[in-house]
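Each structure below is given as structure tokens.
First chain A sits with chain B, and in the next complex the same chain sits with chain C.
== the complex of A and B ==
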């Protein structure tokens, strides 16, 4: 009997650990183009205490630990590059608290976006959280860990800016809390305690998030989506600035894609508007469509495509079927809004060079302080040549992001290398010191953010 | 067989594993795939099973008992088909059944599935009980053999052999008698409907059962069939026409709803309880009949009807489909779908969990015992509730 397997069974129970080929196969794969690497064990813990014991065991045995949430980063961030324990956290799926007065929710690390959305709709319809465009299986904790953004990014910024507190299992097994919860108060604020922002954006290399307090926001009774289109990509930044100036939109997304062909080359906007009454909605619609975008409509430069009540959240997984191939991956970036036209043109060139229908999207973050711009490349999982093409396009796009003065969002290993090549040497050295101090045995998600 | 020869070889790679298939319609829980709910390993999710099937057919992984258990833990509940946003969703379950068929052809299936199929081959029921005992459920009921009456009352294997199933079979018979419905049964001449056989991937045996049943029904001049089980209803309504067996098939709740509506069945005796209803997959998601059972319950005086959070096409399967009421690959844990489901029923404050399927009845009743909820929740088939409202002793 494998002693590590037996020790894991002792911690989580036999049904929640596997070293069988079927689980090792499934947990070796990311959904994107990253090559698979098999873990030695797949484990699904149910508590912080179990995770502590697993991490202590991993330190004793010098075995890697690779935490996994919804597994939807698509950038290979939870691929066990050096084997070890694939730690699937989705059994930790309790919503622990919703505080209406201080407007936050405390959730375990496996709680999915869809689960929290549905819970709030049923129990606290006047509150909502910023839900990303990922499928609803994406987890709250995974999303903040990669600095995700959601459908309230325009007014409130990154989801990682909405964190009020964290519980972390450190790489050496201790449990730490951050934010007001760490002094025994409620989980209502991260400030003004000393900033120990060591856990977001590190791809699970500095610890395992086990609980998150996430801010909730007022949810108006009517939420809907308006659609607008322009042909000239140069107009997109100024439209974004004008829309954000109204302070009347929840989400502003511009996108362009090759499918369907009649829409190729057009820049579409989806603009989320919320109101508590028809009167408020009418007022906001007038400000947005007439006063702000009216000039484009009247000149013929833009067109209003209609407004639909109800949030139809994007089903991005449909992109995977464009080549009837079950696969897509994208490069996300954080860019200045005024780079949209160049991002679009250069991204389209990369797609066409690799014979992939182009898809680009820019989501306004924090009243246009930045945008998340993504370039998506579909591939056919059954055709290795298209996987290779997509991988090449992704790497070229990583290079493009830095060339255009942006930062890569949740970079995979290739993008991490590019970023670290450009990082300020002192910053890089600090990262190395932090990593050595927190994870002396280098067990946490090895391969990611490794400073040589 | 290789992937190239697999019937769905050009489709199976198209699953992205986005995970919509894990949810009910309102995203309230990622546990609406019964196998995933039970094990919470990605291998047991719908996408996991499809990826494993492809890897197996491509030779990336070997067949194993564990692989067979993973595939056979699929209850064919159709939650994945309903929730998948992609255009190939209509083939998801067919892919799973085709994979099981491949295992059947190779003789590499879980031992309980093998036993299930052998029993049906030998005795016409999954329990392996003698064909000569199939009619014991009707002893003393006065129910007649089918000889040209308006309806053939098809009871099915669970209704014929399972103790609890037999009670509902008897009671439904009495209700139909009380309503003056012209019907008869096949008794020992009744054979398995084959619905689960098909879902277990034994296509040849299913074809044999379907052909024999169709020939028997046609030989007797059957035109209308009312079934106790949604599983029988599904096979006879949707599959038998492919064997030239076109009948007017009703699930019993559809017939009872009509009888109550037109005054043919008096339920004024009432039934005083707070009742919630569990949608059986083969009546609900497979055949989109959500209203008839609810209409019956709402028509009975004294019934205070409440919905569970997951209902209609978002209902959680009891875990008994795909032969799992017998294979029991999903049992033995508080995460078993049936146990999750009775806890959900309890949360409504209902004291009666109504079902319309003998498989669900046995699965959920066992779950109530396992959860220690006997003092809070009783599982009753709608035929039993109607029986009480009709003052049938």
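== the complex of A and C ==
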């Protein structure tokens, strides 16, 4: 009997650990182009204490631990490159608290976006959280672990900016809390204690988030989407600038894609607006469509496609699957908004060179402070040649992001290397020290953010 | 190659100038109407080219079938007076491009029902009324091979229709069909009004969907139980191209025991759903749409209708939710007919 397997059984029970190849296979790959690699064990713990025990075991045995939420981040971020333990967190799925008046929710790390959305819709219909366009099984914790953004990114920024507190199991097994909860108060704020924020954006390499307090926001009675379209990509930054000046939108996304043909060569905007009454809605619509965008309509440069109440979630997943075989992966980036035209043109070029129908999208983050710009490349899972093409296109795009003066969002190994090559040496050195201090045995999601 | 047959001399001798004087979106007297239609016919600019909301109604108002609306569209294109902003036109034109392979051509050898660009609405042609009827354009991925293209009248782009339509007709004809029941008014209007007006040959006979429904209901008369509902009907723009078939609306309602409520915006005075108006270049188009819709729905409400019947999926998309918010149930005509013969359409509660 394998002693590690037995120790894991002792911690979580037989039902919740596996070393069977057919189950390990599931944990060996993600939806993207990353080469699969099997873990040696897959474990589904139910409590912070169990996670602590697992991490301590992994330290003793020097085996890697790879946290896994919904496994939807693509880019291979939760592929166990060096084997070890795939730590599937989906059973940690309790919504622990919703503080209605202070507008936050404390959730365990396995709580999914869809779960929180439906819980709030049912029990707190006037509250909502910023849900990413990912499939609804993506987790809240996995999303903040990679600095995700959702459908309230325009007014409120990155989802990781909405964190009010964290509970972390450190790579050495201790539990730490951050934010007001760490002094025994409620989970209502991350500030103003001394900043030891070492866990967001690290893709699970510095510890395991076991609990997270996430801000909630008013959910107005009417939430809907209006669409606007322009031909000239040069207009996109100024339109985003003008729209954000109104401070009346919840989400602004511009996209263009080769398929279906209607969208090709055009820049579509989806603009989310919310209101509590028809009166408020009409007021906002008047400001947005008539006053702010009216000049484009009258000159013939922009067209209004109507407003429809009801949010379509998720939006993005629909757009990516136009090639036989169903595979896709995207490079995400955080870019200055005024790079949109160049991002679009250069992205098209890359896609066309690799014979992939182009799909690009820019989501406004903050008051046009930045945008998340993504280039999606479809491939046929059953055809290694198209996977290779997509991978090449992804790597070229990683290079492009840095060339255009942006940063790669949730980079895979190739992108992480590019980023670290450019990182300020002192910062890089600090990252190395932090990592060594927190994770002396290098067990946490190894391969990722490794400073040599 | 295909040319609109518009007869200017009909306008010179026209006693009414109904085409423009009856327009519900512009206030035009007879003298102005005459002057403007002649200007348009002679290729000169006219405010009508700029202000037309493309509701199609003047096609019905002209007593001699002179095709004033088709003329307006031709001249909007010729004189570069696009009714919509450029990106909307490009988007619309690109929308009709088929992109998922060729359609499967089954030999029909007789009558068929053509879903046109609405293959995703197959749930609207279920049950006894449609039993045994071969259907073409059943695959949403291939439906643009059957798209009649007439929508581009709203875009001021007759050239696109003329360029693509012969190919679409050929695709339908390849099924070896004799009679084509058109699910959508727009297809029917294309084959029976637009094609003859510009000289495109159509090698099959077209049947209006309501005529088909009426005849089928008569065949199933014994199974009809009166629905006893007060109904209004949202007349689509393209039904103006087949005004001779519009009586089937009333005929069907009579047959199934639906009370067609008395209202102001009905039949020839019907109002546009607003779908095409809201995106127009003209100042205030969004608000104009809201106003038209408000008047329309108030009128339906005041008339006491419980149900608003649609045949055009575009009207349904534009107005369905609004109608429902006002306590009136939006229902497709085929579903209402199914109710009358004791069937329960999808989603009916």
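Descriptive notes on the structure:
The rule is simple: the second predicted complex is superposed on the first by the 444 of 452 C-alpha atoms of A that agree within 3 Å, B and C clash if a C-alpha of one lies under 4 Å from a C-alpha of the other, contacts with A are read in each partner's own complex, and residues count from 1 in each chain.
By our rule, a contact is a pair of C-beta atoms (placed from the backbone, for glycine too) under 8 Å apart; a residue touches a chain by one contact, two chains touch by 3 or more.
Predicted, not measured: the structure shown is a model, and the values here were computed from it.
Of the two partner chains placed by superposition, only chain B is touched by A:381; chain C is not. Legend: residue contacts after superposition of the two complexes on their common chain; A:303 is shown touching chain C, with no touch to chain B. Within the superposed three-chain model, A:265 lies in touch with chain C and out of touch with chain B [touch as defined at top].
Put simply, more of the residues of chain A are touched by B, taking chain B and chain C as the two choices. When both complexes are overlaid on chain A, the residue A:114 reaches chain B alone and has no touch with chain C.
By the document's definition of touching, neither partner reaches A:95: not chain B, not chain C. Judged by the document's definition of touching, no chain A residue lies at the interface with chain B and also at the interface with chain C. Across the complex, chain B meets chain A through its residues 13-20, 22-23, 26-30, 39-43, 48, 51-52, 55, 60-62, 64, 66-67, 70, 85-88, 309, 333. Against chain C, the residues of chain A that register as touching in their complex are 229-231, 259-266, 282, 285-286, 289-290, 294, 296-306, 308-309. Chain contact summary for the complex, chain A toward chain B: residues 15-16, 18, 20-23, 25-27, 29, 31, 42, 44, 70-72, 88, 90-91, 93, 112, 114-115, 117-119, 121-122, 135-137, 315-318, 320-321, 324-328, 380-382. Taken in their complex, chain C has these residues touching chain A: 82, 84-88, 90-92, 94-95, 97, 99, 275, 278-279, 281, 283-287, 290, 318, 321.
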